[in-house]
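One chain, chain A, links the two complexes that follow: it is found with chain B in the first and with chain C in the second.
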Partner chain A sequence: MNKRVLQIFSFIMVLALALTGCAAPAAPATGGEAAAPAEEAAPGDLPRNETLYVGGLQWGPFITFNPVAPQITWPNGETMLIYEALFGYNVATGEIDPLLAESFTMVDETTMEITLHEGTTWQDGEPLTTEDVIFTFELGKTNTDLDISTFWDYVTEMTAVDERTLQIKLNPERLNVGQVKHFLTRTSPVIPKHIWEERATGDTPISQFVEENPIGSGPYQVLDYSTERVALQRFDDYWGKDLFGLPAPKYIVHPIFDSNDTGNLAFQQGRVDLSQQFAPQIWQMWEDQGLPVGTWFKEPPYHLPGNIPMLHINIHKPGLDNVLVRKALAYSINYAQIAETAMSRYSDPAQPSLIIPSGGEGALFNAEQVAELGWEYNPEEAVRILEEDLGATKGSDGIYVLPDGTRLGPWKVLACYGWTDWMTAVELVAQNAQEIGIDITTEFPEAPVATARRNAGDFDMIIWTHTGASPASPWARFRDALDIRGVPPMGEVAFWNWNRFEHPDVPALLDQVAASSDLEEQKALYSELDKIYLENIPTIPLMYRPLEFYEFNESVWTGFANADNPVAPPQQNYGGIRGYFVIQPK
Partner chain B sequence: MATIAPVSNAVSVRPGLLEGLRRSLAIATKRNRRFWFSLSLLTLLIAFSLFGPYVFDKTDPKRLIGGLYDSPSAEAWLGTDNFGRDVFTQLMFGTRTSLTIGVIAGLIAILIGVVIGTTAGYHGGRIEESLMAFTNIVITIPSIVILILLSIALTTRSVVTMGLIIGVTSWPWTARAVRAQTSSLRTREHVDIARISGAGAASLILREILPYMLSYIVMAFVLQLSSGILQEAALAMLGLGPSNAISLGIMLHWALLWESVRTGAWWAFIPPTVLLTLIAFSLLLLQSSADEIFNPRLRRK
Partner chain C sequence: MSKFQRYLVNKLLWFILAFCIALVLNFLLPRLIPGNPVDTIVAQMSAGGGVSGPALEKLYNSYIAEFGLDQPLWKQFLIYLGNLSRGDLGTSFAQSPARVQRLVSEALPWTIALMLPAILVGWIVGNTLGALAGYKGGWLDRIVFPTSLFVSSIPYYCLAIILLYLFAVEFDIAPTGGGYGYDKSPSLTIPFIIDVLRHYWLPFLAQATIFIGGQAVGMRAMSIYELDADYVRFARGLGVSDNRITAYIFRNAMLPQVTGLALSIGGLVSGGLISEIVFSYPGIGTLLFKAIRTSDYPVIQGITLVVMVGVLTANFIVDIAYGFIDPRIRAKASGES
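And then the complex of A and B:
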């Protein structure tokens, strides 16, 4: 080839490489040495061995530190780093760990008594008392836009016995201890009355208040924030230092990455110590590259399951309204392949049940019933259901048509763009369905669009989770999937039961199981509910996902909790606050 | 990348068209090794995409044969993709889709470009002014933006639709160049003679003008084809490729989403990149060497 040919060739090569964005493949990570690269020591920056870098909980620029806003900048109300809740939910044990509160007891069936720790104090020196707790929860009475407003569906009264003791009167009509515990741990942290009382009475709704200098009760305060990071500084007068000690990192910084892969690369290179991001094939980091990286489990599934991403089916569309069609679809899906590829081995193959078979809910899982009434990957059975049970015939295009003339598709299955595990899962669902003769294709709208369509029921199929593991699970998940009460009709905004499933037996069973405190009785009732689920198939579980991805790189900090050393649960939020107290600089 | 460079003025004015072609090919055979090299490379790529699946007995690109990014092995010669499908099989089908889209886009663009270009060039005056004004307006709008908007508007995009939308956004350069050629050809004597003999405008364009630009149009098509393939790749990488299909761009899209660069799964992103490069390279080389054959001015050099 002459010179001109070479010129053309190199031009195209550069063009193609630019197209693929791989013109400059990332330099291989070097582990420990790379832990303190010069670029971290930007002006005014923090000593690396005193700073913990975390990732995966903040995307996009600062909005507000207001813990009751709908969208809160890290560390939002869930990390317990600035604002604390009464208890911290522990995803590993399913229990609620003491935080501001020392204990809770049931005085009788409808009365709960909570005792605060001695010496709880706000960061400005004011004492934190039961008055602050009551103020926080009562905000939900006057501000119906707050998540906490539904607390009062389950509680009739919250009173202070004294500065340290609270009594909660449960609503006997909707007795649900699990749901109340959920509110005490997750939905809202306690906020200081002396600061927020004035804001609560202003013209601006309290959820819209832009808080820049949050005063909480937790072990950290805001140091600075920018479009690139949010930085916290340890509050050395933390009220709990005699009780819990002080966390070792003097600073905690959350860099704000523009995408998942930049965050994962930073983690791989040791520039992030603790990450909550989906990082495909994380085991390669220690198996192939010898990096000091770990997850909760050393073996698959590496993470603790805490959620069930499901295929929500629009049960009101012609074709999809037929439960046998949904059953055929359920049999066509290769769950093991989804776990292996879409979830990068971070899941066991999904079982047909609304209960997570392991962890805190495992005791309620009825394996016999699931085997009897459930489904598994079996394309032959799917075809048999279509042909024999439904009498469907295959059209010339390879797609089945029901005897009444309804063609099985074209249907769209939605997943949010960029949520790669979900996108891959639904791509596999579409492929599996096409293989047996159901016409499904994928569509990947941006997350806000997908969320709006989900809420309005504007979908054929969509992948989403129900409520994850919490003190209220699996009750809340059954409510989300099966309960029509409080769900507006299609077209309006629903917060759960997006396909508007309805069954006459569900409300009574749900209320019964919520009020039950006996494990055997609970198991029987949940089995009843799961049976309704299995017989109607409003959704199809596709895989399990952890509540949070929990990945640590011990280049700078060591002693992170894991399944062999479960000193803290595998999470950054909620009960995961204990994790910051157990690590040490290397 | 979104536009094509105008082809150099290569109008064969030889009256005996077949004779000219014969002589051109004779010269090509003797002298132009680049022409034959690029033609063979292109033929090889087309054969790979059309017959490869049967030759290698890999006819189902969607068959799941392994896990997430399995390394190359005896069964999966180029490893597996993020779905656990064979990358090598995907390459053959992906090349086929990419070529198909390119051909459709190229044909559409040429068709629109030639119709507008010859009409404007032949008639001149107001018609020419308005058509060229329209063309110039379309040129100023970045075609990638139109492509993205069109692709978003269509929730289901078949291979044909993709070819269509790429085709209808990439014709202006061809139209401009064809107009220039037509304006110069219409004053030729043989055109005048035909006009005096009473031939209509359509007949004149078809019989007296187009044949003299044929080589030129073929070369423009080759360029449109190559740019169509690259545009498809760009769109597919943004997640706007054809639905339920496999193309080289879609392969790259998933490879990027699944961080194959970071995880070291080179087989997911290098093979489609190389294939795209080879296709574009062979087409550009074919165009530039064919230009030398058909263009007497270049030929003499």
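And then the complex of A and C:
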């Protein structure tokens, strides 16, 4: 009996092993299928000292390399390694840097002239000319689901003077050079007409085309892709090699991590060289662990600020419709604590202004006015406003009630579930408000739910950001925050100004500042707009967030740019690819 | 028509009815999730603050039309049925323009390769251990029973995380996640296969362990129950050999376990969800999880369809198989008793 059982048992174990043995190799076959276009597929490992691993720019498996699709697999769309835009937006200077285009001049107030670099060529050897550029932008005329369709709100005509020179006629009704510059950078990588012309006329919308073998003009081509990574290989006949040189890494690989944590661990272990992930308390990596890790600044805030997550207040709810209540709330919030904990020191304490005080917008920031009309963390002042200015009295539950009987709360502040920095920030806001006697609690719906409620104005308070730093900022941010034109009433879907703020002076001021090309005039106009903002407090800035986190680990590659050695801006997106050219293997 | 045939037809009709109801639910339930898939796409595009409001508005409207979300629900359902009858699962919303077929067929082999061997090994080893423990008792039972009970009672995600911590972080003999190393190009070469296996064994171990525990506990209880049954005593009294009796017991105790096996295989597609999330393993579970969080109706529908067909078919087969394995059921169905 025993022997028999043992026999059965051992047979089963052998069978089990055989089964697992058989099943496991089935897996790579599927991975292999997914990885279709390996032109020079290098089986096995890529040499580590020729491969740059980057992270934080691609989170799901491959969708498409089509640069006009709504979701584009890295590197297309933002990182100009395969397709290139005319210019790159430089997050350090706020200027636009030449990429495909050599220069940009204003012939007169409404005419822009752009010259392409000599010798621009597609990876298949065809010349890249103004015809390709015009083709790309004109796609926006017929395809309203493309990002660039809005380009034609600001531009009436785009014509080729010759193969190298373009002329853009601006719409005099909506004169806005910044917004047009914005379209010349990140949103519109130029695509080859000789390949895409046919695709643009088919039945399937061009945004739905699944591109697997992209032919661009940039210094890299796709090597392979799968559920685990996207790998690029350098294109050594890059048209710009005499002008810019060639980027150092022969291969660039973007592993697809399922969470920040796995990505951050890989970065810490030196298995990722350049990361764009939120990595909390990164200074510990060099201060405590002695790792060769760095960020743009060696000191807080470590990163360049790029946008302003704000507390959007529903200014049409009883209680919150009172600007003094909003002011008391603004005084109650501990901005330094939010910067320290929610943003892990990657932010200076938020200033009461729609302008980012440093970086490209810094010149427009009116510090005196902000000091005079703004607010800061001061709970005593908050209480004073509530009690003296408003005449509110504290109920038995510790919450203030206005003289007309309106209780300050219960209000909910929303943040998307899983967006941890925002969740922490609003948690602190609620705590601070409770401490002075305003009843605020938090609610964390899933992102699609929060978005829908934001658009419909269905919130008491919600944390969100406006348009970030770009060639069009801070104009776009002021428009997003203050302009009621084109915003439907509460309950319908709005795409900016979610709390439907309205002020009679704003539209004219916005149009004036958009058309202005004089820095002093711009500064004056923005100050006036910022004054309206400070007097009405429709939103409260909570912190600054970089457009992109820039973290490098020099275990394998060295020479990454930083604030002390600014040979390239701290970015992988928005057309800033110079960073790949300045590094060298250790 | 014999009574057994009638039994078969009856089961088949139930199968079809359940399939139709499930199909409706399949379509309806994802749409009951608050929030709208286009909002997700638009939110993602605006997250960095790069795309301007008016552009988002245009995008929003064209996507609502493109995905057919402006149509009344009954019309959307008819379109869904029409596409389904052509074997077309549609285009993902959140990962537009990726086809649902492609997403599912890319993920499915990973899940099957992980779950099927784990279920089979777990089932076979677990039942053998359980039967041994129940039948032999003594020291074997004292080891197997509490261990199995412990393993099958701790929440699976805890077990998975503990294993991950022990083997991947503390001992550092397994990777922390993924289907294979991202420094490898997928190819049918020995180093790559070794790398896949290196990533495979830990999630497999976790999944199989939990199965072994559950099956062993169930099988042990059944064996002990059967040991006490009248027919065993009777057989003993008749002096039937031990081996013979064990065979009887094994066959009888097996019945509920077979059901369990069939259902596990039927549900294996969704069974790997936690494993896949904890071990960052590619597969259907993670795909479904992501799709639900982004209200990606076509992907949710596509996956639940696969799960549904799996579970229903497994149930159907179990129903039929029972007729063969267990004469009592067949007898009852055909009115012999």
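Rule of thumb we're sticking to: the second predicted complex is superposed on the first by the 542 of 586 C-alpha atoms of A that agree within 3 Å, B and C clash if a C-alpha of one lies under 4 Å from a C-alpha of the other, contacts with A are read in each partner's own complex, and residues count from 1 in each chain.
Note that a residue touches a chain if its C-beta (ideal position, glycine included) is under 8 Å from a C-beta of that chain, and two chains touch if they have at least 3 such contacts.
Keep in mind that this is a model prediction, so the values were computed, not measured.
In the superposition on chain A, A:406 contacts neither chain B nor chain C. When both complexes are overlaid on chain A, the residue A:265 reaches chain B and chain C alike. By the touch criterion stated above, A:512 is placed in contact with neither chain B nor chain C.
After overlaying the two complexes on the shared chain, residue contacts for A:480 are found with chain C alone; chain B is out of touch.
Of the two partner chains, chain C is the only one touched by A:150; chain B is not.
Touching more residues of chain A than its counterpart among chain B and chain C is C. In the superposition on chain A, A:547 makes contact with chain C only, not with chain B. Shared-chain residue A:171: touches no atom of chain B or chain C. Once the two complexes are laid over each other on the shared chain, residue contacts for A:562 go to neither chain B nor chain C.
Residue contacts after overlaying the shared chain place A:443 against chain B, while chain C stays out of touching range. Common to the chain B and chain C interfaces on chain A are residues 1, 4-5, 8-9, 12-13, 15-16, 19-20, 25-26, 265. The part of chain A that touches chain B in the complex is made up of residues 1-2, 4-5, 8-9, 12-13, 15-17, 19-22, 25-26, 260-261, 264-265, 268, 279-281, 284, 288, 334, 337, 340-342, 344-345, 410, 412, 417-418, 420, 423-424, 427-428, 430-431, 434-435, 441-444. Interface residues of chain B facing chain A in the complex, by the touch rule stated above, are 1, 34, 37, 62, 64, 67-69, 82-84, 155-156, 230, 233-234, 237, 239, 243-244, 252, 254-259, 261-264, 269, 272-273, 276-277, 280-281, 284-285, 288. If you check the complex, the residues on chain C that touch chain A are 34-37, 39-63, 66, 91, 94-99, 103, 106-107, 109-110, 112-113, 116-117, 120-121, 124-125, 128, 132, 176-189, 191-193, 196-197, 200, 204, 242-243, 246, 277, 280, 282, 286, 290, 293-295.
Residues 1, 4-5, 8-9, 12-13, 15-16, 19-20, 23-35, 38, 41-46, 48, 51, 53, 60-61, 63-64, 66, 69-71, 144-145, 147, 149-150, 153, 179, 182, 186-187, 205, 207-210, 223-224, 226-229, 231, 253, 255-259, 262, 265, 271, 306-307, 416, 445-452, 455, 465-468, 470, 472, 476, 479-480, 486, 493, 495-496, 547, 574 of chain A are the ones that touch chain C when the two sit in their complex.
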